[in-house]
Structures are given as C-alpha cells and as structure tokens.
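One chain, chain A, appears in both complexes that follow, with chain B as partner in the first and chain C in the second.
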Partner chain A sequence: MKETKYWTWHMAAGAALLFLLGLHMLIMHTGGFAQWFAPHGNGADSPQNSLFRDGKLFFTLTYVLMLAVALYHGLYGLRTMLFELTFGPAAEKTITVILVAAGLGLFGLGTWAAVAAHAIALAGARG
Partner chain B sequence: MPELSTAPRTIEFHIRRYLPETDSAPHWQVYEVPVRKGMTVLEGLHYIKNQLDPTLAWRYSCRMGTCGSCGMLLNGRPALACNTQILDIAEESLTLAPLCNFEIIRDLVPDLCSMFDKHSLVRPYILRANEGEINDPAGEFYQSPEQLERYVQFAFCIKCGCCMAACPTLATDARYLGPMPLAAGQRYNADTRDAGRRERNLLTGGPAGVFRCHYAGECSHVCPKGVDPAKALQLLKRYLVLDYLGLHGRTTPCEKLEGPGGGERRPEISAAPEKTVEPARR
Partner chain C sequence: MAEARRHENKLGLWGWLGGGRWGIERYAYALHRLTGLGILFYFLLHIVVTSLRAKGIYLWAAGGILHNSFFKVGEFLVFSAFAYHALNGIRLILVELGFAVGKPIEPVYPYQSSLNVQRPLLVAMMILALVLLAAGGYTALAR
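This part shows the complex of A and B:
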C-alpha cells in the first residue's frame, strides 16, 4: 500500500500545483489583479512589487507550499522514470532514499530563502 | 455488389522457429501457403503441419476464439490465430512469432506459466469471511443488473496473454503483474459478492502493482475479446486511492438470500443431483 500512498499524494500535489500555478499566472500575467498584488506599478515582477509580496505572510506560505508540492510531484515522476530502468528492489529502495533526502534538502533551502525574503521585506518596510 | 474472388492465392508465412533440442537461438523459416477467402491463420498453420512441415509446433484448442490458446504475434501484433483471417492482415506475406514477454517453449508456443502464477497471486475468485459458505453454499447472493455491469466485461477475459505481450511496462520489468492479472483482480474487487478487496490491495497496490502502468493502452487495443484491461487498471487505481483515503463506500459484501432464489422449486424441474466431490479447502 506504500505505492498507493505515494500515488495519492502525487495526484493531490498535481491538483495543488494546478491551483498555485493558476494563481501565479493571474498575479504575474493579468492586469486585472495588479492593484491587489502589485500596487507599485512598473509590472508585477518589479523589485518593489516582489518585495511587497515577500512581506505578506500569505505569499511566503504559498511559496513554501508550492515548493513542497512541486518537489514532491517532480521527484515522484523522476523516481517513476528511474524505476523504468529496472535496477531491482534494493536499488529502488536506495533511489527512493536518495530522492527523499534530496527533496528534503531542497525544501529546506527553498524554505530558508522564502523566510529570509519575508524578513528582508519586513525590515525594509520598517525602514 | 461485385463478388469477391474465391480463387486461392499464395501467401508466404514467415514463421519464427525455435527447436530447443537443436537451436541456440530462434530463426525464421518461410512456407508457401495457398489461401482462400475466409481462411484463418490457424487453418494456414494446419496446412503447413499437414502438407509441408510436421515439426512445426503451436498451441490451439477450441478454434473459435474461446479458449485463448492460440495467441501469437501476427505481423508483430498479438492476436488469436483462430479468429484472424489471413487475407484481412496479409497481401503477400505474413509473419508469425510467439507472444513476446514470455519464454519460448518451442516455435510458436510461449510459456504462459509466469502469467498464470501472477494471476493466482491476485486471488481471482470470490473471497468471503465465511469459508463454509463458499465451499458449501446455502443460497444465492443477490446482485442487480447494474452491479453485474460493473465487472462483467472483465469476466470475458480468456487469459490468452495477448495483453501481456502488448504491455510495454511488462517488456521492461518482468516483476510487473501485467494487465491480465490486475484486470482479474479488479473483476473480483468490483463484484458485490466479494469481500477480498483489501486483501488484494496489498498486492495490486504494491511495488509490482497497478501504479507501474503507464496507460499506454495497448492491452485494450489487442484484446481479442473486446475486454478493456486499461480501464480495469484505472478503476483499480481509483479503488486503491479511495481505500487509502477511507472514502470507499461499500465495505461489506452483499447479503445471501434465504434459499435458492428465495422461492419454491417448480415441480417439473428436477432437483439437483447429490454432490459427488467434496469441495477443496482453500
């Protein structure tokens, strides 16, 4: 049943990715939401607007969530492709352990970056 | 409508031969077979066996697409020799080879043991908590036509192995259970008389189970009985996920009716004979 668990979370991560990427497209590529998420003008990807969003807890949490689901979804897909090479049960277990370790490492690094950006934006807002 | 010619034509049968006692590897041999309209590949093989080469070996039984014995690669595609007409797939030549993804016993005879071993692993029969009821039934289990529809197409499988030969996942990973055993598992999972779904989940949701399927769909394309194993595998995934999430509605099998059909036997219908064999204990 372990594979069922992995697959179920893979599907859930895919659905979450669809929602979060949709949110990203709305914020970054549609003008209708600019006044909410990019109040400084100059485009949604300008440094001022990026700092504005980094200072919001909602966006920091969204970045971390997106990082988690993208890493899980992508690494599960990579694991499936590697398993196609049919190494054998022992090698498959090793691959799973390596991918879990790599995923956790990348997640830790990304989370640190998102939290640090949040702190920098807050410090900048306080002057 | 103009009449089609019934005059015999000659078709070259390119057959992959393998004789374990003399050959170190398979080789191709060509036979000229006179073919008339409506002639099946199986009849062509019989012609070769009777007229040209008595050493040619293949497996067959019913000659009517029911037993699933004569599965082989016809022009590279898994099919039954008995329900494939030669002129439907060949104009000048036809290639015949044993089903791939199996060991070859001899010529066109594949060793299907690996498939049947996997098939038995999924426990393809009704499982109930009350084993006595299975071995010595005291009545019928009610099942509506709608409930029958959930699994009946998967019950048409004749275990010919064509889907196993067409499966690209099985071609790279011999541990994978394959479309036939997994579809058989789903056939019983979807049967309202069965209570063994969670037991099967351990295997069908395991490392060699249904999540190895990439949904190439070739199994369904080649099935000579019109069964859709790819659909069975997708339904099996759904059952597994719903079970994991605890969202599966029915967890208990249907109830037994009191007595056969719950009615009285009509006097003109004779009673069933006494049992002559004790049921085997599972």
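This part shows the complex of A and C:
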C-alpha cells in the first residue's frame, strides 16, 4: 500500500516536472521567450541574466520546488530500477537509506544556493 | 497486511532492457528508463554546477570550463532525452491510468491484445517528440 502511494507520487511528480522543466527549457533554450527573463543579452545563461532571475522570488521558489520534485522523481525511479534486480531486504534498505541521504543532501545544497543567490541578487540591485 | 510476493529477477539486466515479444511499447519503456538514467546523471551534476553560482562561479559562462562545443552537443543530447522521456512518460501515465488501452472484453479466441489498441498513442507521442527534437535542434544550431 505504501509503495503504491510512493509510485503515485512518482507519477504526479513526473506530471509536475513536465510543466516546471518545460518552463525551464523554454526560458533557457528559446531565444524569443527568453528575452522576457534575460534582458541583458549574451544568452539566457549569462551571469547577468542568471542574477536577474535569481533576484525574482518566483524563480527562487520554482527552483526549490523543481529541485524537490525532480530529485524525488529521479531517485525514486532509480530505486525502482535497482529493486527490480531483486536484492535481499537488507540491501534494499541500504539502497533506500543512501538514496534518501543523497536526495536530502542535494536538496539542501540546491536550496542553499537558490536562497544565497537570491540574497546576492537583491543586495546587488540595492547597490 | 500481507507482505507483497517477491518474484526473483532471473534475467538480471536483460530483465530491464529486453522486450522479448512484448512489442515496441516494451522497448519504448526500456528506452524510457535509459533516458531517465541519463537525465538523472546530468541533473545531479547540474545541481552541483549551478549551486556554485552562489559563490560567484559560473562554469558554463564564457571563459568557464563548460563553455565549449563538446558540452553544447551534450546539452542537445540531454534535451533530446528530455523530449523523449517526457512524451513517453505521458503515454505511460495514460496507460497506467487505464486510458487508451480499450475496454475489457471476453477472452474469445483469437485473443485481442491491448498492445495493438494503444499503438496509436505511441505513434502520436513519438511524432510530438520528433517535433520537439526538430525545434530543439534548430534552436541549438541557431545559437
């Protein structure tokens, strides 16, 4: 029952990613759309444009949300694939612990970076 | 609650990748997993690399070690994997929820397979994936 719930979340996370990652791809990789979110020229991924987006709360929040959703979807998918190799229960528990720890660690790193970059961008905007 | 019955995977990795006679949908599923692994690998690196911006390090910008044509090609490969994985993922969710597989019918010989019923969905999703790939390829070449 618990695994069914996790699997349903995995599918829901995939659907959410379709929107979040789709938006990310549109902003980063399409010239016309990117101009709204990359006003400084030099490409959407230039440091100036990255800082511009980091200064917007909307982007900071969606980065953190995307991070959480994508890490869950990706790491749960990996866990499912590994479990299909039918290891013993002890090995499965170890895999789960490692993946949860890796997920939490990367979520912490990414969230810290998004919040720190937001603060840096705001401080820069204030001069 | 009774514990779920476990079935040993005697095929190992081939159990992941092999579709046997289950049709092209099964191979599309195997490719879904391969692209998923590729995207996950990229994503984990992406988190670390983009987090460095909080320290003022932009490895992907002009002058950075990731600013070269090798990584531009790699970026397009990731986009291709994303386009395939996303659209095939929509198909898998629809099928899992019972859409596009036809209504249950009496098992009368010659038996009908639900695989043939869901084939148009696979074709439609792959056409959409190709359109996305063409758009992504055009954008990548234009940059």
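Basically, the second predicted complex is superposed on the first by the 125 of 127 C-alpha atoms of A that agree within 3 Å, B and C clash if a C-alpha of one lies under 4 Å from a C-alpha of the other, contacts with A are read in each partner's own complex, and residues count from 1 in each chain.
What we mean here is this: a residue touches a chain if its C-beta (ideal position, glycine included) is under 8 Å from a C-beta of that chain, and two chains touch if they have at least 3 such contacts.
Here the structure is a predicted model, which is why all the values come from computation and not from measurement.
Considered on the superposed chain A, chain B and chain C are sterically incompatible, since they clash. Within the superposed three-chain model, A:Lys5 lies in touch with chain B and out of touch with chain C [touch as defined at top].
Judged by the touch definition given at the top, the superposed model places A:Glu92 against chain B, while chain C stays out of reach. In the superposition on chain A, A:Met81 contacts chain C only, with no contact to chain B.
In the overlay built on the shared chain, the residue A:Leu57 is in contact with neither chain B nor chain C.
When both complexes are overlaid on chain A, the residue A:Gly110 reaches chain C alone and has no touch with chain B. If you count the residues of chain A touched by chain B and by chain C, you find the higher number for C. When both complexes are aligned on chain A by C-alpha atoms, chain A residues 1, 3, 11, 84, 86 touch chain B in the first and chain C in the second.
Of all residues in chain A, those touching chain B in their complex are 1-8, 11, 83-84, 86, 89, 92. By the touch rule above, chain A contacts chain C in their complex via residues 1, 3, 11, 14-15, 17-18, 21-22, 25, 29-31, 42-43, 45-47, 50, 54, 67, 70, 74-75, 77-78, 81, 84-86, 106, 109-110, 112-113, 116-117, 120.
Of all residues in chain C, those touching chain A in their complex are 1, 4, 6-9, 12-13, 15-16, 33, 36-37, 39-40, 43-44, 47-48, 50-54, 56, 58, 60-62, 79, 82, 86, 89-90, 93, 96, 136, 139-140, 142-143. Looking at the complex, you find that chain B touches chain A at residues 172-173, 175, 201-202, 205-207, 209, 211-212, 237, 240-241, 243-245.
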